[in-house]
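Supplied in structure tokens, the structure appears directly below.
First chain written, first letter: the chains are A, B, C and D, and each begins at residue 1.
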Amino acid sequence: MFAQIPLLPEQASTHASAVDSLLTFIVTVCGFFAVLIGVLLVTFAIRYRRRTANDLPKPVASSLKLELTWSLIPLAFMMVFFVWGVQLYFSWARPPDDVMEVHVVGRQWMWKMQHMGGQREINQLHVPVGRAVKLSMISEDVIHSFFVPAFRVHMDVLPGRYTTLWFQATKPGRYHLFCSQYCGTNHAKMIGEVIVMERDEYQTWLSQGVDGSPASEGRKLFMKLQCSTCHNSDSSARGPLLEGIFQNNVTLENGATVRIDETYLRESILYPDAKVVAGFKPIMPSYLGQVNEEEVLQLISFIKSLQHGQTPPRTENADPPLNPVLEKKKGKSP
Amino acid sequence: MAEHQGQVRTYGVIFVVLIALTGLTVWLGSIDLGEWHTPVGLAVAATKAVLIVLFFMHMLHGPRLTWAIAGTTLLFLAILLLLTLTDYLSRDWPTGRVRGEMETSSAQFFL
Amino acid sequence: MDTKSPPLAHHFATLKQQHETATLGMWMFLVTELMLFGGLFLAYTVYRVRNPAEFAIASKHLNIWFGGINTVVLLTSSLTMALGVYWAQTGKRNLLTVGLVLTALLGVTFLVIKGFEYYGDYVENLMPGLAFDDAEWHELGVRPERVKMFLIIYYMMTGIHALHLIIGIAIIGLLAFWAHRGHYTPAYYYPIEVGGLYWHFVDVIWVFLLPLLYLAGVRH
Amino acid sequence: MSTVIAEPSSRPAEPASKPVNYLNVQFGVRSWLLTTDHKRIAILYLISITVMFFLGSLAIVPVRLQLLKPDNDLLDADTYNKMFTMHGVVMVFFFIIPGIPAVLGNFLLPMMLGAKDLAFPKLNLLSWYVYLLGGAFSLYAMIAGGVDTGWTFYTPYSTRSSHTNVIPVGLGAFTAGFSSILTGLNFLVTTHKMRAPGLTWFRLPLFVWAMYATSIIILLGTPVVAVTILMLAIERIFQVGVFDPALGGDPLLFQHLFWFYSHPAVYIMILPAMGVVTEIVPCFSRKNIYGYKFIAFSSLAIALLGFLVWGHHMFVSGQSVYLGMIFSILSFLVAVPSAIKVFNWTATLYKGSVSFETPMLFAFGFIGLFTIGGLTGMFLATLGTDVHLHDTYFVIAHFHFIMVGGVVMAYMGGLHFWWPKMTGRMYSEFWGRIAAMLIFIGFILTFLPQFVVGHLGMPRRYFQYAPEFQVHNVMSTAGASILGVGYFLPLIYLIGSLAYGPKASSNPWKATGLEWQTPSPPPTENFPVTPVVTREPYRYSEEVPVGY
């Protein structure tokens, strides 16, 4: 009967084996102390049980040496746990340079994934074996958490801010994906699968049903929203040119400097007034409510990919989008 | 509680100083001290608070226990503020993850 | 009803013990109060670090005159309170009553001024939920939801402070009534001392609110 | 033998006529509802906390039944979520946090100090009414449709998404917080100012030290969560941003503020429990406690360090990884004083004269389960392993080992230990031992499998789950039913003892504390004559202590 009780989770990522070694070490040390205390309790209880009703044992003085011993030895072990744990934590927090990126958007109660090649999935994530995968994650509503037990990794997915999680699968198979941060009614149904495939199988999978990469989807959006009306290479352009800007530093209106990263780009699309590049007026309208988190990610992918001279041409006869506030102001003024 | 000679005069002097410091705060508020704006404002406020606590609340001649209580409270308040702020100030230190929402450096707090 | 034998509660041995116990109790209570405001101070600090521009601009929209005058009012009430305790120690019954009544009245004055200030805030569209115009802040180039955040912290801090003041006024009023009836003697005046500690604490909190709320940005 | 640690405590002879005690000094509902006697207030608390405990237990019954099958549809998702939330809210805010302090602390602290009452008796009564008010808010929320946020109220779910009664429950927790602030304040001032002549700090029973440390945490932590709940309520009502990112806020700030209180709150629960065990172990070993000063200072160390570790609830929340590192090392430090206590209790048995009455069985249970609970904390304090175990059933098992295996065991032990003092009656020793063993076995069976299923990856707060987790969940539910019987038994035989139990002597366990120097039940002002203390506690033998 006991043979059927599952005791250990599958090990399917590079991180999993590292976590398991540490777990084994802690189990050993803690097990030793648990057994030690258990044995001492039982031994003392039996050896020094009350034999006659009027037993009156001699008092025992405490010893500083003993107190220090049983404080410092556990502390020493704990410092080993700590240092080992920190190493693992930093490897969890720091993705390798050469990674395959996937966008993940969480919402009540589903996971939406988008691959850089354009494949989109819901509650499923196909990844190749032996390749580091980095997830850039954001939530559309409340906090979720991306948890794959077989990979021993976990990361909260927050609204309004990108978080990342990376792993490298080591074994083909289908693994549970759970939302582990309570997110409402169907929290328990916000589950899915991570499907790890051999590389060639993965290539076959990739070739089916491509919707267009996030960057190309982003390009379409960019044109649909007529971004290039302002963001173009004219000297009189009303917005900054977006070619090759990713990871550059840019000076703002108020003199501060920011690095252009995903979070800055997202903020500039949804809250354009927040950090206006020096030399430009805050005339861009907010796209909050017009584009969802997936589309924001597509726009960001497009901007990241945008190289010199690649800005799509302006659509003829299109009115530029305008800042509603300025419109209103215009209306008010006589 | 022991009585002290000239307590009324002490209270009067403290009061005048407090009012003067209030004027100073408001005046300083209109002067551009750059990043020192808030620290200076808070320092003046802290001075006023210390005067009130020491004299009006009699901590100066109060039991040591009162000092211990005040100290403990400030310590835990500092723990709350400092550890939480550590999060906001170090969240974006490089680890290779995507940077968080906050780009403001600690210096900008005082702008 | 001039009580000559001061009331010693049944579970204390001496008046001194009772006095020290009560004072210590109030200090311990103030610990709690400070930590209560501590949570708000933390929220303030975090969001100010994140949104310096909005906090500076929104702060400049508050009326410094109301804030400044109220500071003076409250400091004066602290003076009358401190004198009240002194007169209680020295057995000056009438002066004690006057000191306490003045303290309570100054507290009421503070609240009245605060009321006018809140009304002014309402008129100037500084009340998220009741009167607030996003566009106004867009024009100033700041994000309105962050301005709202400053304002909501302002209302929470001043609101909780005002609540404390209302409780304080009630306590001081009661003490004044009893003082007038001659309850207190130089041997038994700890209720005055304890009420005073609370009153001064409320004052101390306001002293910090002034620079944080009204002077977050440079006023020209 | 009878040891007298208070010299002039002329032991009052128990006269044949009915002696006047705190229970029979006055009768009638009024005399209870308006009492300022700390012992009567303790009884009031005992009754209300017991009601809350059974309410909280009731809420978890359908949850455990639902989890018998992976895709069970006994409950729908919303009902399930509301049930576990009520279980958490009621147990945390209305049972475990006030449990030992408000019942045993209230009853015993003044007696252990040789005082007539707490420093502020009216405040003490007020705290009970405030507690009832908080309970009323929460019960209203339950009747009016429940709440589904989990006891942690995480934003933005609680402010934006949940359509349930978040505000009334928040108000309930807020109010209950003020009740414990009043209790804590009373304890601190009493310990400072009301000690009997000769009762110096190092002559205090360790239960008093534990209550003192607990009260410090209550005073410093509770107001922060109160104001946090207030901010949450304002965000929810006015939709103005404090924590919601869509409104410009940061949800992690809520987590910081919440855990700044709610982690130390764990120590509010466990420190009094440790205090109880520290009283029981030397009594039933008839020996002085080993390492008195280490146990005393470890309580204070826990109170201090407990405030420095809240971020270990946030290792994967997106907080700074560097801060995570700081919180991790501090979390290990707080384990040291707990370890010191466990070793000292064990060492107290050494060369003692150990007997196995009901309270001692509970104390043994406590030490065993607390040790497991504490050691499994290592996995969660270690950054690398928490990244896997966070928010799984491993965490559930860990904190139930501390809070139920630890705190409730100690609470039961303490209740049995001081029951004769509180009521003047002895309960059935036979049924007491049966209950202690049932609770221990039921507990192990309930929560041990949860470590395994958590490591396998079952997340908490799931109303349906993957089939491979079923075996463990069936074991848990089976264990829980044993546990339920174990908790129900004392209710019967303790109440029964009031009518049928033999009269208790003033010191049935032959213990040394001041509370045993006065009749059972004690008179209204505790001692006929104020005791004078001339020696340290736990002096069971006249001999001078010998070293190892």
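One rule holds for everything that comes next: a contact is a pair of C-beta atoms (placed from the backbone, for glycine too) under 8 Å apart; a residue touches a chain by one contact, two chains touch by 3 or more.
As the structure is a prediction and not an experimental result, all values here were calculated from the model.
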Comparison of B-D and A-C by number of C-beta pairs in contact, larger one: B-D
Chain ID, smallest distance between chain and overall C-alpha centroids: D
Distance between the centres, which are taken as Cα means, of chain B and chain A, whole angstrom: 38
Chain A and chain C, separation of their C-alpha mean positions in angstrom: 45
Touching two or more other chains - residue numbers and ranges from chain C: 20, 24, 28, 31, 35, 38-39, 42, 46, 50, 143
Per-residue multi-chain contacts in chain D, two or more chains: 192, 220, 224, 245, 250, 252-253, 256-257, 318, 321
Shared-contact residues (touching 2 or more other chains) in chain B: 65, 72-73, 76, 80, 84, 88-89, 95, 97, 100-101, 108
Chain C residues within the chain D interface of the complex: 10-11, 13, 17, 20-21, 24-25, 28-29, 31-33, 35-40, 42-43, 46-47, 50-51, 128-129, 143, 145-146, 148-149, 151-153, 156, 160
Chain B to chain D touching residues, read off their complex: 65, 72-73, 76, 79-80, 83-84, 86-91, 93, 95, 97, 100-101
Chain B partner contacts - residues on chain D that touch it in the complex: 192, 216, 220, 224, 245, 250, 252-253, 256-257, 260, 307-308, 310-311, 318-323, 326-327
Chain C contact footprint on chain A (complex, rising order): 253-254, 271, 273-274, 276, 282, 323, 325, 328-329
Chain B residues within the chain C interface of the complex: 1, 3, 7-8, 11-12, 14-15, 18-19, 22, 25-26, 28-33, 37-38, 41-42, 44-46, 48-49, 52-53, 55-58, 63, 65-66, 69-70, 72-73, 76-77, 80-81, 84-85, 88-89, 101-102, 104, 106, 108-109, 111
